[in-house]
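So, here come the structures, one by one.
Two complexes are shown next, each including chain A; its partner changes from chain B in the first to chain C in the second.
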Partner chain A sequence: MHLNLLAVCGSGTVTSSMIAGEIKEELEKDGYDVSATETRPTEVQQLAQGGNFDLIVYTSPLPEGDYPIPVLNGTGLLTGMGEDEFWDELKATVAKIKK
Partner chain B sequence: MLETVKAVFDTFGANVFVPVMIFFIALILKVKPQKAFLSALYAGVGLTGFTLLLNSYTPMVSKVIKKMVTNTGVHLPAFDIGWQGASLVAYSTQAGMIFLVVGLVLQTVLFLIKWTDVFQPSDLWNNYSYMVWGSMCFYVTKNMWLSLGLMVLLNMYSLLLADSIAQRWSKYYNYPRTTIIALHNLEPVIFGIIMDPIWNLLKINKIKLSPKTLQKKLGFLGEPISLGLFLGLFLGILGNTQRLGQLSAWGEIAKIGIATSAIMSIFPKVAGIFAQAFAPLSQAASKSIRKSTKAKDASGDQEEKPRLWFLGVNDAVGFGEPATLITGMLLIPIMVLLAILLPGNKVLPVIDLLAIPYWIEGLIALSNGNMVKTMINSVIWFSLGLYMCTATASLFTHIATQGAGVAIPTAALLVTSFNILGKPFFGLIFFAFLTQNVFLILLTVVLYFVLWALFQKNKEKFRTYLDNAAAKNATSA
Partner chain C sequence: MSEGNNGGLVFDQQFIYAQLDVDSFADAINKMSQKLIKQNYVVSEFPEKVIAREKDFPTGLSLSNMNISIPHTEASYVHKTVVSVATLKNKINVHSMIDPKQEIQSSMLFLISVNDPKGQITILKQLMKLFQKENLLDTILHLEDAGAIAQELNNAVEN
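Coming up: the complex of A and B.
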């Protein structure tokens, strides 16, 4: 199955690319084909509402708002704190996404 | 040995040399060969993309800036190419390449011998900050040992700063046992710590400003596309003040507007490709340290108190916090205005304006999210930063053109990075090394050891002091 991931960090540059890479690799093992777009916190809502994405993983706090797709906190990937829980949550969320 | 390195480096250039280095470092860190190869390739692609991008943009912008300087009183010939540009320049120099290895070893050793509580290799990417200063030092002095010494000393200073604010940062941003570690984003903390009691005397700690109400109104300022367009148009108008009645002037104004908007939105994408080269390295480093500490905890060594340490993370994790983001945006127009008004300043801040939220994370944490206090600290310290950029602009332009192969029409334009080079304190250390005066250099080294010893002796007390000082601020929430 193909998944469109929106990866968020401060500038949509360094950290978002890193976590996107890690998520891609992990989900590929489960047979998912992930393509990721990196972005900044202030652009997330607009992109998410555009309807092209399946889920959001962020490492920088998001502004309050309506997000029509699942939103996951990915800071555990950087700090190692709650990393295992993140993977569990991600896999549970992904399993629920139907196309 | 250094001569051979130089010969190889000059023959192949950074776009080939850097990927090869990254490939071998990745293998040493036990990254799988296939992954190591891909990350190496990302580095080469990123570097090439950066050169392509800047080489098509600089001739355009330099023409406009040249006219602005001659036609109006606005003498700001140093264009801010941003931290993304500075990082790519840094990684393309010999000093940078050497420090890629030296820094990794140094940071790991300092952590293991408990010289510091902060584990830095998990934010490997940000090492380019030391490399920029080191490369400029090498460019002037042609002395690699001296330049290496400078990079090592700057690294140790930034570890000391990270050590001192780690607890405060992790509490405010709510990432347990984690801290920021990048030199360029820690440096303003020095000023913040010193000035805090003075601002409290003036009752600035009692002023409340709520970020949430401002967020909606200011959102457009933080968008690369719109900010780029505005700054570009502004630049175009300044460059064409004497012929605003002509159609061709407006053609140029519109073109530079779109071009600046383009460079601000495309630059981060290129830097993102480049950064992916470093992802497996950082991950390998931080995973191994987490595994080793976990193993120690599990072994149940009851006699030894578990070590309190902080994992260095990329500043991105604090960027979107409302007080941080909004204070950063408010500072954008203020810094542009100050750049124009401050006598003697030659820097036009552009691309790094978007990065201001990163630099103020330490100040925000110190003041517990007090936006007014952070703004006052920032305005003063970053103004001094503009002068440091001015003082180093011609040197940085040299390493950008020679090291990274950026084509800059000579004399028309200088380049700088407001974020990376606008660091007054670290800049002074750099200039001390540049003089090659033994006494001045020793002074910077001795100062470090004195501060380090003082901190080690009063570690707990100092961290508690910062927490108490932060609590004196009225919170906006």
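Coming up: the complex of A and C.
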């Protein structure tokens, strides 16, 4: 299954690339094909509403609001703390995405 | 740091600062950027951009045994990718990436200057894995020699 991931960090470059790469690799092991887009918090709402993404993973806080797709905190990937819980949550979330 | 033969993360001793004596985040960035600017790895505005970005989007990370910072800015200010590392003589106050209102004390800085984040995902991933190696970070925190730090880091990079 193809997944469109929106990775969010402050500048939409370095940190989001780090986690996007890691997530792609891990989900590919489960047979998912992942396309990742990196962005910054100010652009998330608009992109999320656009309907082109299946889920959001962030390392910088997102603006308050309702997001139509699942939102996960990916900081555990950077620090290694709570990383297992993150993967569990990610995989459970992804399993529920129907296309 | 530069790209190795396989496009991997390599730490260059000249961009490593052991027991750097600074009194603030800005001070650390300015000191660490001097060589980068001189050798044309980054533009002259790089340090001020890093410092400004840190105010809006702090890069403090709370690891299990210490706090570190991973400051960076947009790729447009970088000519050539390099990761500079500083262990600090005295901790500095920074803010947490995930909770910007939270102030934490950082012992180590990884100043990341990447000119092509999408093209250098390998390097970024390898760097990320290093943050999770508690013993490694603890070891380098106590080393006094940049060459020794470079060696430890380079040995720890997973291909």
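Everything below uses one rule, namely that the second predicted complex is superposed on the first by the 99 of 99 C-alpha atoms of A that agree within 3 Å, B and C clash if a C-alpha of one lies under 4 Å from a C-alpha of the other, contacts with A are read in each partner's own complex, and residues count from 1 in each chain.
Please note the rule applied: a residue touches a chain if its C-beta (ideal position, glycine included) is under 8 Å from a C-beta of that chain, and two chains touch if they have at least 3 such contacts.
Remember, predicted model here, so these are calculated numbers, not experimental data.
Q: Is the arrangement of chain B and chain C around the shared chain A a clash or a fit after superposition?
A: The answer is clash.
Q: Contacts for A:T42 in the overlay, against chain B (first) and chain C (second): which applies, first, second, both or neither?
A: It touches chain B, and chain C stays clear.
Q: Pick one for A:A92: touches chain B only (first), chain C only (second), both, or neither.
A: Neither partner.
Q: For A:T13, using the defined touch cut-off, is the partner it touches chain B, chain C, both, or neither? Pick first, second, both or neither.
A: both
Q: Should A:M1 be classified as contacting the first partner (chain B), the second (chain C), both, or neither?
A: neither
Q: Just chain B (first), just chain C (second), both, or neither: which does A:T79 touch?
A: In the superposition, A:T79 contacts both chain B and chain C.
Q: With both complexes superposed on chain A, which partner does A:T59 reach: first (chain B), second (chain C), both or neither?
A: Touch partners of A:T59: chain B and chain C.
Q: Enumerate the residues of chain A that count as touching chain B in its complex and touching chain C in the other.
A: 9-11, 13-15, 17-18, 21-22, 38, 40-41, 59-61, 75, 78-81.
Q: For a test of understanding, state which residues of chain B touch chain A in their complex under the given definition.
A: Per the touch definition, chain B meets chain A at residues 84, 122, 125, 175-178, 212, 215, 219, 222-224, 268-269, 271-273, 275-276, 278-279, 282-283, 286-287, 290, 311, 313-322, 325, 354-355, 357-358.
Q: Looking at the complex, which residues from chain A come into contact with chain C?
A: Where chain A meets chain C, its residues are 9-11, 13-15, 17-22, 25, 38, 40-41, 59-61, 73, 75, 77-81, 83.
Q: What does chain C use to touch chain A in their complex?
A: Touching chain A from chain C are residues 53, 56-57, 59, 61-64, 70, 72-75, 97-100, 112, 114, 117-118, 120-122, 124-125, 127-128, 131-132.
Q: Sort out for me which residues of chain A touch chain B in the complex.
A: Contacts found on chain A: 8-18, 21-22, 38, 40-43, 58-64, 75, 78-81.
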